[in-house]
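Some structures to go through are shown next.
Below are two complexes that have subunit A in common, paired first with subunit B and then with subunit C.
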Partner chain A sequence: MDMKRDYYEDIQLLDSKVLWFWFIMLIAALGVFPFLSPNYYIYMANYMAINVIVTVGLNILVGYTGQISLGHAGFFAIGAYGTVLLMSYLHVPFFLALVAAAFIAAFFGFVLGLPALRLEGPYLAIATLGFGMAITQVIGRWQVFGGRMGMEAPPLTLFGVNLETDFQRYFLIIPVTFFMTWAARNLMKTRVGRAFIAIRDSDIAAETMGVNLTLYKTLSFAVSAFYTGIAGGLFAFLLGFINPSTFNFFLSIYFLAFVIVGGIGSIFGSIMGGVVMTFLLLELDKIQEISFLGIGQMLAAFSERWMTLVGLPNIASIIFGLIIILLVVFEPLGLYGFWIRTKIYWKTWPF
Partner chain B sequence: MAGDILFSVDELSISFGGLVAVDRVSFNLEKGAIFSIIGPNGAGKTTIFNCINGLYKPDSGVITFKGEEITGLAPHRIARKGIARTFQNIELFANMTTMENLMLGRHIHMKTGIWTGATFFRRGSRAAQDEIRHRERVERIIDLLDLQAARNQFVGALPYGTQKLVELGRALALEPELLLLDEPSAGMNSEEKQDLIFWIKDIQDELGMSILLIEHDMKMVMDISDRILAINFGKPIVEGLPEEVQKHPEVLKAYLGEDESFDSAA
Partner chain C sequence: MFLQLIMSGLSFGSLYALIALAMVIIYKTSEVPNFGQGEMAMISTFVAYTLLVTYQYSYAVSFVGALLFAAVLGVFLEFVFLRRAKDPNVLSLILITLGFEMVLYGLASWKWGADQRDLPFPVSDFDTVSLGPAVVSYLNIATLLITLVLMFFLFLFFKYTKVGIAMKATQQNAMAARINGIRTNRILSITWAMSSLIGAVAGILLAPIATLDPNLMLDPLLKGFSSAVLGGMTTLVGAALGGYILGIIENLFGGYVSLEFKSIVAFGIIVLVLCFKPSGLFARHYVRKV
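== the complex of A and B ==
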């Protein structure tokens, strides 16, 4: 146990030399990584980072404030389309467009938060679900948004440099993710975050202690939507092309799965959830390429015989679902709970 | 007692469906006093509390605090006016530590918003300063209530008696002028009750707070109350000094049935 000497250490991010060491190692690893990796893995890292932002944002709402949302793909879409539209039509510089789009998402989050004052649990789930689906419908039918055909992301220029490759975008996406995650962690350690958690644990006590429920519940929706909007804006450039079906209802479910697998109410868990789940989503698609013992071919044969004619989408989904179920059954706190247990094990070893 | 009226309830009534839960209850609370409401289970005591801090909207009646009408205001507005409470069935933030629970009590006194909170990066940052300052104040309450051992523990895992104290501490952290305590001694053993009486006296004397108390432990009520209101079935029976209320025949009847007195019960 480390002794704490003053109150700042209660809220400090890195309160020991060991943590500082690992923090610097992490930065170094992230800095060196793109120079040593093939392009595909840089793309994957970017994808992971974007999903980490979403997971952190959604966790603020679901894990910390105790509200549910099945409509976050909607905010993701608003962030993506908002950024692209502002840049293409109004020629707003990238960063400004990204932040503005995120604020638009936050505004929608605020509006969606209003019914949340009266709805709870399953009712709120359905209300947010409706929102998410409505957004894709609107985008799909409106020519300004490119309709069903979608839109191409404009060239991404930052400080006069044109970011064309995944390698270049890595150095944009990773710092943004870093900042957003750090900010979320700070927010949860201070007054506003504490009010969110209080609402989750006992809304009656929170309001009798002076927390304005209306304000803070809608604020939580807005902050969460802001995060998702930022992620959406970055995502548009990761893909280079967006269309309504990218932001379908399943994406909202995936986001929620990231949060639950990572660990409800934990920033570190959100990071793990976003990283691990993105890895699985991208890699499970290639499951038939596994040559070990001919497993890939066997699965492919099985899938073609019993499920689909081409490829393995079903097998991938089944394995994905299985992993989620096992994790939730054996570790309700998700990967974060797993991490905590490992840590305790090492600290108390050999007892 | 100074004799100034800090808080008053006038002809308060509320009913749920056909049930009149509180029926024209009135009382005044002098500044710095301890005022107790007693009555059998279901008499409407907690309902009165819920009306006072805005969880229920009364059907009629006027609630006045510091000369200002607060009837029907939202709970967080009433908290800001300087009224804090504890709950009969503990309402703590179970997944927060004792320290954080008490820090939530400082919510209305703190200033940190989203941006300053999210971006503090050093000791001198505004949000960090805000945190440090208020943690110091909370530490004093932790000292006062002897909660040091529970300081960094999640309150959900604490023993019942300690949880009750944390709830009291959280209410104190708000620095209210009026403190509503809903059965603070329920579930405590006699030693803990002794400590509690001591602390309530301290709160009254040293922090200068006025206290509105709901309590079933008659010994405690008679010990510390300046005045007592007895109610039954939502209706006031009698209001007065402890000795007067104690001897009132209807109180005896409501509480103990016929032919008994508090002395034999205690």
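== the complex of A and C ==
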């Protein structure tokens, strides 16, 4: 059923007719969706798409190359600020600015990848974390970046059309996401992708097999940072406004949580992780308004009696933390592992 | 000026050193850098605050109560979550502790809101004493003394008590320790309790200088972790020294170069040091085999 008979079958992107069918269905659904749904859900879809880009990028680093990064909020910030600054001060057209900012992020990723050659585990964690913190601090203190007050995104013009609504931006963000995801899946089937995976499984063994560790480790950081930079650039226009406190340490943890929940080392898992977690993130923020079974009122009353009402949205943080812990403990492969097991169950059903 | 900066650097450094010690104790037995450490200490400090201000207990009762709570919290987290992880690798263990951090942070912000409070403390931060050209507050001196005494007791504990030696054995080789009849699981729980307790001491000492809110330990945790990495995650003495070094350098930088970028310099130093000594300043570097 899943037998591969030659090399070209192995590197095909979509390897069965069923997959092609669902793939076309997905494109159709994405195309029709914005015409049928209310504005808020289009905004949500944009948000999801941006987080999917980050998750895919981070997964290349964490899941495929086996490194750890607690500083991706830094790359996200570089992407966002880079795009906005290039557009408002140098009047670079949008696409050029976006790609340039992403390349700046990639350069920083390359620089961060250099110490990573010698570090692992907690040492790498603290180095990347320090990088993320440093970026946020610098942005917050330097007047060029608007300081604590942040910056407003310039008007977004593309091919002469001014993109103002979420509906219009949808047709920018979704194709970019689609392309980036596609490219990542492609990358993992090439020489580079296989080198990443070899490094993850055992870097010393990979080196003895002739994989150039210096090149591929820094490349992995750079690619991952590039993805995150692109997502950051889009994010600036999704909100229309950026300030340094958005790109804090918790954002880096959230990104890592997306990867874990989706599934380490899987592009499809990254998509699921980005979509599901963004949904939770946006919905849990207004948990008081849930009218289902009176949960909202109950929580509010409970908070008033035992906790504080202002602190109620922090339930999101609690639930996120619990999801991370429970998933790591019980289902280390995340949603993707869940999906695989369900699939195998149905395939071999009566047995 | 110079001496003044050194003195306040020592005072902050001892807080970093405490947190670094707490992290190293856990790291040595469980191989996991505990990112939840800061929030565990923060919650314990809030417990002290609640006992002290809301229920009006005496200082002794509140602080002992908070420390007990910290110990129980540590054991709880280790027993309920960390022990259940099957086939743990470094990444998943780090993630579990990040999960702790988020849960505890969320709980504290839900329970106590974002208000900034002041934790009363028996030693004043405003009464000062002159040591030569430097002016030092009583609280700074108390912090320094308490830390040194605590470290001294830790040293005695690891050197002379049965439990301490069993901990060292578990750290060096868990399998061999088990063969020799040490219940390594129980040792792990005790480690977490101790570490959480030390963290809580740091939190209670920090709260009177800073303001008590759920963000209390966010920055100190990172600094403490950095100190541990700077000194070497595998040596207790190194981690403590790392804390003092970081505290002093940071303060000198803040005093002479730029106050604004004071907190970045810590991370800059870490990355530089790690480039040359990947296992920290005071730890021996082990080369891993395939």
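As a convention for this text, the second predicted complex is superposed on the first by the 340 of 351 C-alpha atoms of A that agree within 3 Å, B and C clash if a C-alpha of one lies under 4 Å from a C-alpha of the other, contacts with A are read in each partner's own complex, and residues count from 1 in each chain.
Everything that follows uses one rule, which is that a residue touches a chain if its C-beta (ideal position, glycine included) is under 8 Å from a C-beta of that chain, and two chains touch if they have at least 3 such contacts.
All of these numbers come straight from a predicted model, not from anything done at the bench.
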* Side-by-side fit of subunit B and subunit C on subunit A, or clash -> fit
* Asked: Of the two partner chains, subunit B (first) and subunit C (second), which one does A:204 touch, if any: first, second, both, or neither?
  -> both
* What is the contact status of A:212 with respect to subunit B (first) and subunit C (second): first, second, both, or neither? -> first
* **Once both complexes are placed on the shared chain, angle at subunit A toward subunit B and subunit C, C-alpha, multiple of 10 degrees** => 80
* Asked: Once the shared chain is lined up, is A:127 touching subunit B (first), subunit C (second), both, or neither of them?
  -> second
* Touching A:96 in the superposition: subunit B (first), subunit C (second), both, neither? -> neither
* Asked: Between subunit B (first) and subunit C (second), which does A:187 come into contact with in this model arrangement: first, second, both, or neither?
  -> first
* Of the partners subunit B and subunit C, which touch A:260 in the superposed model: first, second, both, neither? -> second
* **Which of subunit B and subunit C A:301 touches, first, second, both or neither** => neither
* After superposition on the shared chain, which partner residues are touched by A:26: those of subunit B (first), subunit C (second), both, or neither? -> neither
* **Between subunit B and subunit C, more extensive residue contact with subunit A** => C
* In whole Å, what is the nearest CA distance you get between subunit B and subunit C after the fit? -> 6
* Which residues of subunit A are in contact with subunit B in one complex and with subunit C in the other? -> 202, 204-205
* Complex contacts: residues of subunit A adjacent to subunit C -> 62, 68, 114-115, 118-123, 125-127, 129-131, 133-134, 137-138, 141, 202, 204-205, 249-250, 253, 256-257, 260, 264, 303, 306-308, 310-312, 314-322, 324-325, 328-330, 332
* Structure fact -> Listed in rising order, subunit A residues that touch subunit B in their complex are 6-8, 10-11, 183-184, 186-187, 189-195, 197-198, 200-202, 204-213, 219, 223, 265
* Contact footprint of subunit A on subunit B as seen in their complex -> 53-55, 74-76, 78-80, 84-85, 87, 91-96, 99-100, 103-105, 107-108, 110-114, 117-120, 123, 127-128, 130-132, 135-136, 170-171, 174
* To do: Under the touch definition given earlier, write down the residues of subunit C that touch subunit A in their complex.
  => 27, 33, 81, 84-87, 90-92, 94-96, 98-107, 109-114, 218, 222, 225-226, 229, 233, 260-261, 263-264, 266-268, 270-271, 274-275, 278-280, 288-290
